[in-house]
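Okay, so chain A shows up in both of these, paired with chain B first and chain C after.
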Partner chain A sequence: MNKLGFTEEQRDCLQEIINVAMGLASDKLARFLNTFVHLQVPSIALVGAMHIPAEFENRYQDAEAALISQGFFGNEGVRGEAIVLYKMENAHKISALLGYEPDDVSEIEMLTDISSILTTTFLNGLAAQIENSLSYSAPRILSSRHGNVADVLKNTSFHWEHALKVDISYQLVDHSFNCDMILLIPGEAVTNIKNILDRILEAF
Partner chain B sequence: MPHAMLSSPILAALNSGVIVIDDEYNIRYVNSFIERHGNMQLAEVQGSSLFSVFVDLPEAWLKRKLMSVLELKTPAFSSWEQRQYIFKLPHLRPITSSSQFMAQNCSMLPLDAPSGEQPLICILIEDATDAFVYQQHLSRTLIELEKANRQDGLTKIQNRRYWEEQLKQEIHRAQRYKHSLSLILFDLDKFKDLNDKYGHLGGDFVLVELASFISSLLRDSDLFGRYGGEEFGIILPDTGLEGAEEVAERICRAVADYPMLFNQQTIRTTLSIGVATFVPQQHFLHDDLIRCADMALYNAKRSGRNRVCCYQSGETEYHKKAN
Partner chain C sequence: MTLPVLICDDSILARKQVRKSLPESFDAEFQTAGNGLEALAVLRNQEIGLVFLDLTMPELDGIGVLEAIKAECIDCFVIVISADIQPEMQKRVMELGALAFVQKPVNEDKINVVLKQYGFI
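After this line comes the complex of A and B, so read on.
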């Protein structure tokens, strides 16, 4: 974290903002899904984008995994791309919760819907705290086949210097569901976020 | 000029559809794009239910999306790649596109409503027909390309590269599931004489004609490929030596009795056929099976042509020439 120029205070502040955003998101999701959502404190790490593929290679190696990407952009140069990764077995669980009939929609549509909801509820909560508001691109599926998660990430993270990795673990009462979310943030946007964090820290 | 005054002309000029509805799915606003494409007037549809104005909407599906927009205050999306269109509207390329309706990317966005007022949703509809058409072309081209990549240019059966790939896979499958698997290799007898007599066009004609005739004798699961000039191979999954020999005999007789008419001349030809069956054992490669079938094929040639020879396990020597 420090290597990439975040001070201890900035890091704590970001963790706090993300915690609250997760809280807001899980509250909204719980209401929407009509089930209780337990939530663990998300762990965050700012890493060089080139390390990302290796991070996920093992976890998704043997499973059928899906990667969905969604761009976000807000004021003051806050922008990036959120990638949600999950194992397909998990996706089927949450799709049942969202009220999808098996033949109702294509698998891809189901996947993009789930990730869009996860990503935008979380990022809206984050934006609200930094007095920003975000627009989103439509979610796009990067891959839903097994084996090549690392390859897809390698191609994706090529253009990005830093990645803010947020591990999210959603536990729904009757279902266990977890996924990973990676926020890929380009270099200058990291600087912009640091400025915003400093402003928030000053206000305290 | 106050900015608010710009909204109206811009909305009218926008080449995307804008529909605003409230939380009871009643239409509050449609822009000119929707008026024109949907053949309706704002004044007529204002206050009507979205689902009564656009009767073809996938209601349950759309309501679920709109519900998430209202409850989570987050946008929802629909892409033409998953659902070609939501609103059945004509598009601007009725002539050059194969699709009848506008392919759409739709975004459903929560609008900030003053407290106490009904929440609103803005539905943005972008025409993605061009992308849809390109995608269709691309898919078609890819399918053709893939086919071309597997096909032998002359005979239109599998080419050697693809056929050998299939053989590797079938051996793998037979090894794993303990299935039987046999291979037929055959060669046209005295093809060189045929070429000399009827010219290369005649030779090619025979290859094409025979490939199509033999294809008609095979089961759907058999894999038929051109191995070399006048040499062909047939992979027979789930078939033991006996079954394969039967198939080979049938082909041998049928081809010998099959006259082909080329430039008012009847051409007849015969085949020499080698049959080998897969023996489940470690390190058995597709090359090994080909070598066995090839040995049987040469034995068929040496013992007089127009016949079937089967590879006997352990055999390493060619038969002595018959004449």
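After this line comes the complex of A and C, so read on.
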């Protein structure tokens, strides 16, 4: 059980749904980058959205970071905002791999492409398993460079109650590439998600 | 004849999904393992006819299990059930001797096709 009270069965169920969604997203990413992606078990946690800035402050403190955000909404009150965080040092490696021009504009464009692939493939995979379907808003670039990840996250997450943190680590054949995905969701969406998980669990 | 079967996955839900997808005509006795090391402990000590094996797992992943089965000449059939659907991964598990690759989430149709194809039902 964590703070927001997923039962162990609900957590296991959500973890497996996320694994399957991650598998789809990784396959898309591998095709996009034309490489093989080594998949790891993503760690997930449901936390209060107000704790999000502090959670990520340390990890991104001394690094140039980029944040790309995309809103999503579906049936049964499932809605939220997906944020993908990258360290720019990772972005440099990937842009070289993809043959993007080594300038800021191209790299941000590339990260927006990758985020869109990851977010929509991941969330579509998730939605299919919970028999939902999602729509998306256009990706927004929230910040890059200035080392103020916590401030940006604070501004973005303050009007949300909960956040589902998904730690994603992709290891490419000869590069390692880590990013974090945060799904910000309102309180009623958590209740809805729990109900959906219970419905899935009841079937077994 | 009852077939000794091992279902190896770190997710309880995934293990249940496999059980639920199997047809009634499939006469088997089930054991479960939560990661690759647990699976190998079973495989080294007992006769197992068929393994349903996940790939992405803590402790020891499915690739590690397939490698050990091959290296130690453990006599069993393996059907991989995984979310890691990259073509290169599918190729790798087949090269390591898996009988088939099934994409997660499993369902009756996907499992039945494979079980029929290899004469388990």
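Note that the second predicted complex is superposed on the first by the 187 of 204 C-alpha atoms of A that agree within 3 Å, B and C clash if a C-alpha of one lies under 4 Å from a C-alpha of the other, contacts with A are read in each partner's own complex, and residues count from 1 in each chain.
Rule of thumb we're sticking to: a contact is a pair of C-beta atoms (placed from the backbone, for glycine too) under 8 Å apart; a residue touches a chain by one contact, two chains touch by 3 or more.
Since this is a predicted model, take the numbers as computed values, not measurements.
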Which superposed partner A:Phe32 touches (first chain B, second chain C, both, neither): first
Contacts of A:Leu201 with chain B and chain C, given as first, second, both or neither: second
Contacts of A:Cys13 with chain B and chain C, given as first, second, both or neither: second
Which of chain B and chain C A:Phe73 touches, first, second, both or neither: neither
Partner chain(s) touched by A:Ser106 [first = chain B, second = chain C, both, neither]: first
Contacting residues of chain C [partner chain A, same complex]: 10-14, 16-17, 20, 55-58, 82-86, 88-89, 104-105
Chain A residues touching chain C - in the complex, by the definition given at the top: 9, 12-13, 15-16, 19-20, 22-24, 26-27, 30, 36-37, 39-41, 129, 200-201, 203-204
Touching residues (chain side chain B, partner chain A) in the complex: 61, 64-65, 68, 71-79, 81-83, 105, 107
Chain B partner contacts - residues on chain A that touch it in the complex: 28-29, 31-32, 98-99, 104-106, 108-109, 112-113, 116-117, 120-121, 124, 136, 138-140
